[in-house]
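Handing you this structure, nothing more for now.
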Amino acid sequence: KLPGSAKPLVGPALETVFEELGKIQNSKERAAKLFQWFISPISAKKFFSEIWEKKPALIRRHNPDYYKGLFSTAEFDRILRDNDVQYGVNLDVTSYSNGERETHNPPGRALPFNVWDFYKNGCSLRMLNPQAFSVTVWNVLSILQEQFGSMAGANVYLTPADTQGFAPHYDDIEAFVVQLEGKKHWRVYNPRTKEEVLPQVSSPNFSQDEIGEPILEVVLEAGDLLYFPRGFIHQGDCLSDTHSLHITISSFQKNSWGDLLDKLLPAALQIAIEEDVEFRQGLPLDYLSYMGVQNSEKDDPRRTDFTEKLQGLIKKLAKFAPVDAAVDQKAKDFLHDCLPPVLTEEEKATSVFGVPTRWEDGDARDVAVQINGKTKIRLLRKCVARLCSEGEAVILYHTVENSRVYHKEEPKFFEVDSEHTDSVEFLIHSYPTYVTVESLPCEIPDDKISIAELLFEKGLLLTKNPLPSS
Amino acid sequence: KLPGSAKPLVGPALETVFEELGKIQNSKERAAKLFQWFISPISAKKFFSEIWEKKPALIRRHNPDYYKGLFSTAEFDRILRDNDVQYGVNLDVTSYSNGERETHNPPGRALPFNVWDFYKNGCSLRMLNPQAFSVTVWNVLSILQEQFGSMAGANVYLTPADTQGFAPHYDDIEAFVVQLEGKKHWRVYNPRTKEEVLPQVSSPNFSQDEIGEPILEVVLEAGDLLYFPRGFIHQGDCLSDTHSLHITISSFQKNSWGDLLDKLLPAALQIAIEEDVEFRQGLPLDYLSYMGVQNSEKDDPRRTDFTEKLQGLIKKLAKFAPVDAAVDQKAKDFLHDCLPPVLTEEEKATSVFGVPTRWEDGDARDVAVQINGKTKIRLLRKCVARLCSEGEAVILYHTVENSRVYHKEEPKFFEVDSEHTDSVEFLIHSYPTYVTVESLPCEIPDDKISIAELLFEKGLLLTKNPLPSS
Amino acid sequence: KLPGSAKPLVGPALETVFEELGKIQNSKERAAKLFQWFISPISAKKFFSEIWEKKPALIRRHNPDYYKGLFSTAEFDRILRDNDVQYGVNLDVTSYSNGERETHNPPGRALPFNVWDFYKNGCSLRMLNPQAFSVTVWNVLSILQEQFGSMAGANVYLTPADTQGFAPHYDDIEAFVVQLEGKKHWRVYNPRTKEEVLPQVSSPNFSQDEIGEPILEVVLEAGDLLYFPRGFIHQGDCLSDTHSLHITISSFQKNSWGDLLDKLLPAALQIAIEEDVEFRQGLPLDYLSYMGVQNSEKDDPRRTDFTEKLQGLIKKLAKFAPVDAAVDQKAKDFLHDCLPPVLTEEEKATSVFGVPTRWEDGDARDVAVQINGKTKIRLLRKCVARLCSEGEAVILYHTVENSRVYHKEEPKFFEVDSEHTDSVEFLIHSYPTYVTVESLPCEIPDDKISIAELLFEKGLLLTKNPLPSS
Amino acid sequence: KLPGSAKPLVGPALETVFEELGKIQNSKERAAKLFQWFISPISAKKFFSEIWEKKPALIRRHNPDYYKGLFSTAEFDRILRDNDVQYGVNLDVTSYSNGERETHNPPGRALPFNVWDFYKNGCSLRMLNPQAFSVTVWNVLSILQEQFGSMAGANVYLTPADTQGFAPHYDDIEAFVVQLEGKKHWRVYNPRTKEEVLPQVSSPNFSQDEIGEPILEVVLEAGDLLYFPRGFIHQGDCLSDTHSLHITISSFQKNSWGDLLDKLLPAALQIAIEEDVEFRQGLPLDYLSYMGVQNSEKDDPRRTDFTEKLQGLIKKLAKFAPVDAAVDQKAKDFLHDCLPPVLTEEEKATSVFGVPTRWEDGDARDVAVQINGKTKIRLLRKCVARLCSEGEAVILYHTVENSRVYHKEEPKFFEVDSEHTDSVEFLIHSYPTYVTVESLPCEIPDDKISIAELLFEKGLLLTKNPLPSS
């Protein structure tokens, strides 16, 4: 059991955290540091070995300002005012009362005039993709996705005092409930069966008599964190004296070994069939007469032979499994799921967004600024791009043109010419170290410049120093 | 090498064969007997143990009438006259000359006026589904499909003297070349590589210098049979003194262990994920950093661990494999592929097609004829229907309403009510024995009558004796 | 009111009629003659001027054999036995009792065992496209379609004694009820409103109190004919002593001036816009402020101006109307709707179906038979083909490859090369006269042969004499 | 020919114009005033009677600052920096040199680093929907669309000195070329044929020898305006000493009488068929034998009768034309095409966007603010909403939720309950006068409040005074 001491747990403010993150060159390290701040004082090492995917964890901080700046009700109000927030798409209005869960979304845009009226009438508000409206949430999630190697998402929940917005249920994601304002009374329950441990899909709403006794009951206060794995049933309701605002950060949806096998098995079978004649040999002439459900109660030794033959072939499949290619399929999905990176000012200054090329005084200026052999370059992020093979072609998938709205853009990629492939791989493996353009492993010097320019133009590269104006 | 003796091999005429087949109650035995006639004097047992899927076989009979009645050029002419044979759909006009393979199909219907003109000009004719036009071919194939447990198809080839219609190639089916008229010079070549042994797909056309030396070269004469497995390259051309007519009977397209695994693996994974938490556990946080093609040359021990973990899971899959359900998927495809059965006169008389119910003298007659508890019944054929589970429902798939044209009809099936399931299974397992309706394992006597009537009405049942007129 | 005399009206038997029709060269005259036989003793001239589209007509013949050979219940039984008649597609089982109309179609094939059981239980049977199963009905309809210049269809109705199969309703076609066997009591009612005169769509089923009093009530007997235009409500029921079999021949579905205008108006507007700038001029800047439903009660003189301007443009459209092109659109639809022609033995002998080219004695024979300049040719039927312009191309639409099942085949056509266009037109206008191939208006003699061969090969031409065998 | 005097034409700055527009209550008057400013010193009355759709017009102002603030190259640069401008979607890179027109768009986002490089290399830049990126352009166009009663669009063109970006061509819209910076040499040519006057579709690119001699040749300078109707060929190229930036404002695409007839004719025919039996009567039996292209040269009096009959029916159509309903179809399209309105600060304060309802100090505040019977209301704009009938329902179409990107949103509408219809119509016709809620013509007082609240919540209403905070 985790301790709930009365001494406030202090930590750097979010603003300071971001400042420090900006100094870290390696985006993986940034991600680790940000995640550590989220779960402090538990160490990430301990968290991932003892808690992650295993059991709920509660971190009480007695420090209502710990997550300050991440999100607030004032920000919620501002977003409604300034953005085209659509009911049902970006915002849900819900209630849970007398065991009945209802959704009250009208059609069209959600404006404060309506939204706060619903709230005053006891409805809960769920903002479905705050990362599309809040740069801070976007930034946090785009960093954390590198920690998880899996998409990081978020919902914001605002609940009036003395109400509950949702019925008990479990989700298909790892959940980090970050209490931002007010308080919320939470109850967390064990998965009900072996099959509901780490489930692949979320549950329907449960009634109170289907879920047993909670294993954790707590009043979460601003600054506290509650984690629970997928499959743990949970419900939260507000006390009579205060509202609640929390953001739930989630990850690891469809990111199991089974999901990878789903990519891997068809490819493995394809290869096995191509390479091993045993997979291509015909089925026994008469197998339909002793196999199949209608024969399943027959006591026929051929049934055993047939089943064992198939099981043997399945086991043999293992050696044909194209593991790296299947991982690349998952990686491509991950890069499509990813939020685009948020650049720091320093990063902007040394990327394509910071080049002095501009219109000024009636003319295009500093167009001649060029990358040359001495220019030192690196990728923008560890996970900003990935090299995959597709048939004969080598494709670079990347995240820089993704949308802040989930899958609003198609996967972004371009083919890498064969003379550039080694250089791109070199850049990937050199990360986070800067290398000179002339050190790229292209045979022809001009190719070094051209692949560097291409990646720079796409926004995938940083230069060590800003490109000078002429 | 198979012998080519000069003594004629005599056998019963096709007509006699059919007569004898009609006396055999069990359709599987019929199929075996017909197949045995086709490959005589080789025994089926020897054929399937030593030749099938392994090597070509030649049967020389010195008996041009052996296959008489199966198909002829006169029948070809009659079909053109009486049926809407469409170029490109039912008939191909081809040539192969100076290494160039061409197709000469005009649009529209193929009439003798045109077709024989093409032929006179040296073109080969391939009739693509003679079973749609010839009852004999339909009958032969519909019987043989029970021998193979896999669709049996046929093409007819008519080639003018001194020409060749097709380039060397291999097919994706087991081929029985039945020489019907004239002679053809055949050359058969070994698969070129290990990967081309028992291939899943047919080859493109080869040039002469891609195929090496033939392992079998022979002039096939009327009454002879040539078999070769999928993957064996072949080409046939006509001698200068005579045309050639042959029918190629084929089977075992996509009927390998690999094809069954293609049905089995997704279902096995689904079950493994549901039942074994190991398949639902999350992937390692950082696997994307050491797995994937871009990391494939890294020397990282985590790569080995990761790969072994996946291989272990694949092996573990074997025990979750729902073999019978996957076989049923294949069986459903097979029943959809099947030709509908051709009924003998005796079968017609004791099926729904033979009941005396009719219009006569201004009134509907003998409508009252009914199946009762004493009526003895059995299924029409061993393979005419198959019981499969789909979710909660039990479905009976059947072939009686299939078309003579491949997949022209959707799969035919109906749901079997739970009170009838045991009776249908009983009928399937009792085949070919007749059982009384009252012996069906239904709890309520009326249910016995109703399932018997239903199956009878659909044409799936025979009665031991014709239903009497009143 | 039409007379119902007691003296039998005699006429030639159907067989004799067909024999005589075969002697008539012009298919339009054939059609007229067959139609005249159907409605005899009323003359076609009188029928079309006084009755057609105006009022019902009854022809009593006191001659039960008048239509003998057209269709019979024995034929109905034979069709069920020999053809794949599908419930719901080719056959409906219906009842109308106590004001309730029901359909009882089970799924699947309709076999006598079932069908006659339904009949014995009081159900009516409607065969939906007897032309697909009966060559006689096909022949009759394929001839009559040239009389109507519009598709001719048919349904067969078999009703048990003392029952009714359908509720009162009206149809969207001109109906000829031909009583074949037994008797039926018919009641026909006037269209209920001006809008229901010659309606474009069929009515729903009416209750008895919605339809008023019949204007015609009659017991139709075998050999009688009842005609009524679309929009006339009707119901028929059987007397207690006999069943009824009738065939309803129908035509003129969607064949009104309005249907032609539907093709014509978009094309007329397109041309007007291209040719007359008045149609291209912009709308008034502010028309949305005084036109539209929300302004329809405004008393604004600009409303009158605007409406009159539009009405003027509509009237002006008339002069841009591409009447012939629109008729061709209708004609194309008609040719697609048409049944394929049924050839007489004489026609077969002088068409592509009769050429001696054949397979015989091991070789293709009489392939050299050729059309030459002296060969006399004509089209097979007046309406078997039609020349239409489409953009730059000239297209010949034809009916010879149509299916006996409505729209089972796509429209059949081919492009006519420019050097052949005049010759095709010449053949169309020469019909039914034979012309020599050399008289075709092609500049180059070889083109004459090639267009004649093409049309002959497609089955569109007859030669005056059978092409000789060599 | 329009004069080009040397005296500067002075006018209010755009900022001042907007200020004054904000004081005008009636959006139609605003639109008229803004348009007048654009074409000053020509009066709108003179423009629309003498020039519009007739001939080009040139307004020389000798006042480079006249249109200042509308758009600039600095704004162009800023947009590239701050927005996801995509090549091919939002920006085209083009060149026209030696008679060859080329497009140079790479894939992906257009960043200054690339764009200005293209520019320096002599390429022209066309921004395709500046209204999506510039609030000023959005505002101008959203006002002008009420002047035209038709969508107003814009493209921005930036051309380097001494180059030309586009080949000569004509467009399908009325074009206002507003010179913003630098100079451009323009040549305008008459439509080449009667058919190309006011064309419905744009032309392909022409070569110089296809277009004849210009009727207008001029060097446009900043502050000048050039108008030409659709169909007038034009080309512009830069002088050697300066670049050019202009914005082309366009309207009246597919807004002709013919476009309205395209909506009107099918509906008119539908009504004529329903109401007038003459349209439902059958075509002559034999019309296919004398009408149609293959008979078009026949001299048959029936051809004249048939054609005159059809022409008579077309003329008769006029009286069935549902003009208001067809205008509503056009209106619905227009409202879908429209840009959403840009609200002034005053308008925001008295709309749903200005209500004090908000989150503050931990609670939702001023939620109780309500519209009551005394509240004075009006529509936001004359053209912001439109009432249309669809079958039985009354639908209100509106523009407030449209996107700044053309047709990115589906048409926006909601059904108006029958008890609210009169009130909505009353509000539409009362515009721009404020009316009290209690004056709305609803029978039940509560309905007055509810329709007012509904329209207010949707953003369609202004209140005379801001709703007070409690």
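Lettered A, B, C and D in written order, each chain numbered from 1.
As a working rule, a contact is a pair of C-beta atoms (placed from the backbone, for glycine too) under 8 Å apart; a residue touches a chain by one contact, two chains touch by 3 or more.
Note that the structure is predicted; figures quoted are calculated from it, not measured.
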At minimum, the number of touching-chain hops separating chain A from chain D is 1
Chain whose average C-alpha position is farthest from chain D's own: B
Pick from B-C, C-D or A-B: which pair repeats the contacts of A-D, with over half of them the same residue pairs? B-C
Could you give the separation in Å between the centres of chain A and chain B, each centre being the mean of its C-alpha atoms? 50
Length of the line joining the C-alpha centres of chain B and chain D, rounded to whole Å: 64
Please work out the Cα centroid separation of chain B and chain C, and write it as a whole number of Å. 42
Touching at least two other chains at once: which residues of chain A meet that condition? none
Are the chains arranged, by touching, as a line, ring, star, complete graph, or other? ring
Contacting chain pairs - touch in the sense defined above: A-B, A-D, B-C, C-D
Please output the residues of chain C touching chain B within their complex, sorted ascending. 73-74, 76-77, 81, 84, 107-109, 111-114, 116-117, 119-120, 181-182, 242-243, 352-353, 355, 357-360, 362-365, 367, 401, 412, 414, 456-459
Could you list, by residue number, the parts of chain D that touch chain C in their complex? 28, 48, 52-53, 147-150, 174, 194-195, 197-200, 252, 255-262, 264-266, 268-269, 272-275, 277-289, 291-296, 306-307, 309-315, 317-319, 321, 323-325, 327-328, 330-331, 334, 382-383, 386-389, 425, 428-429
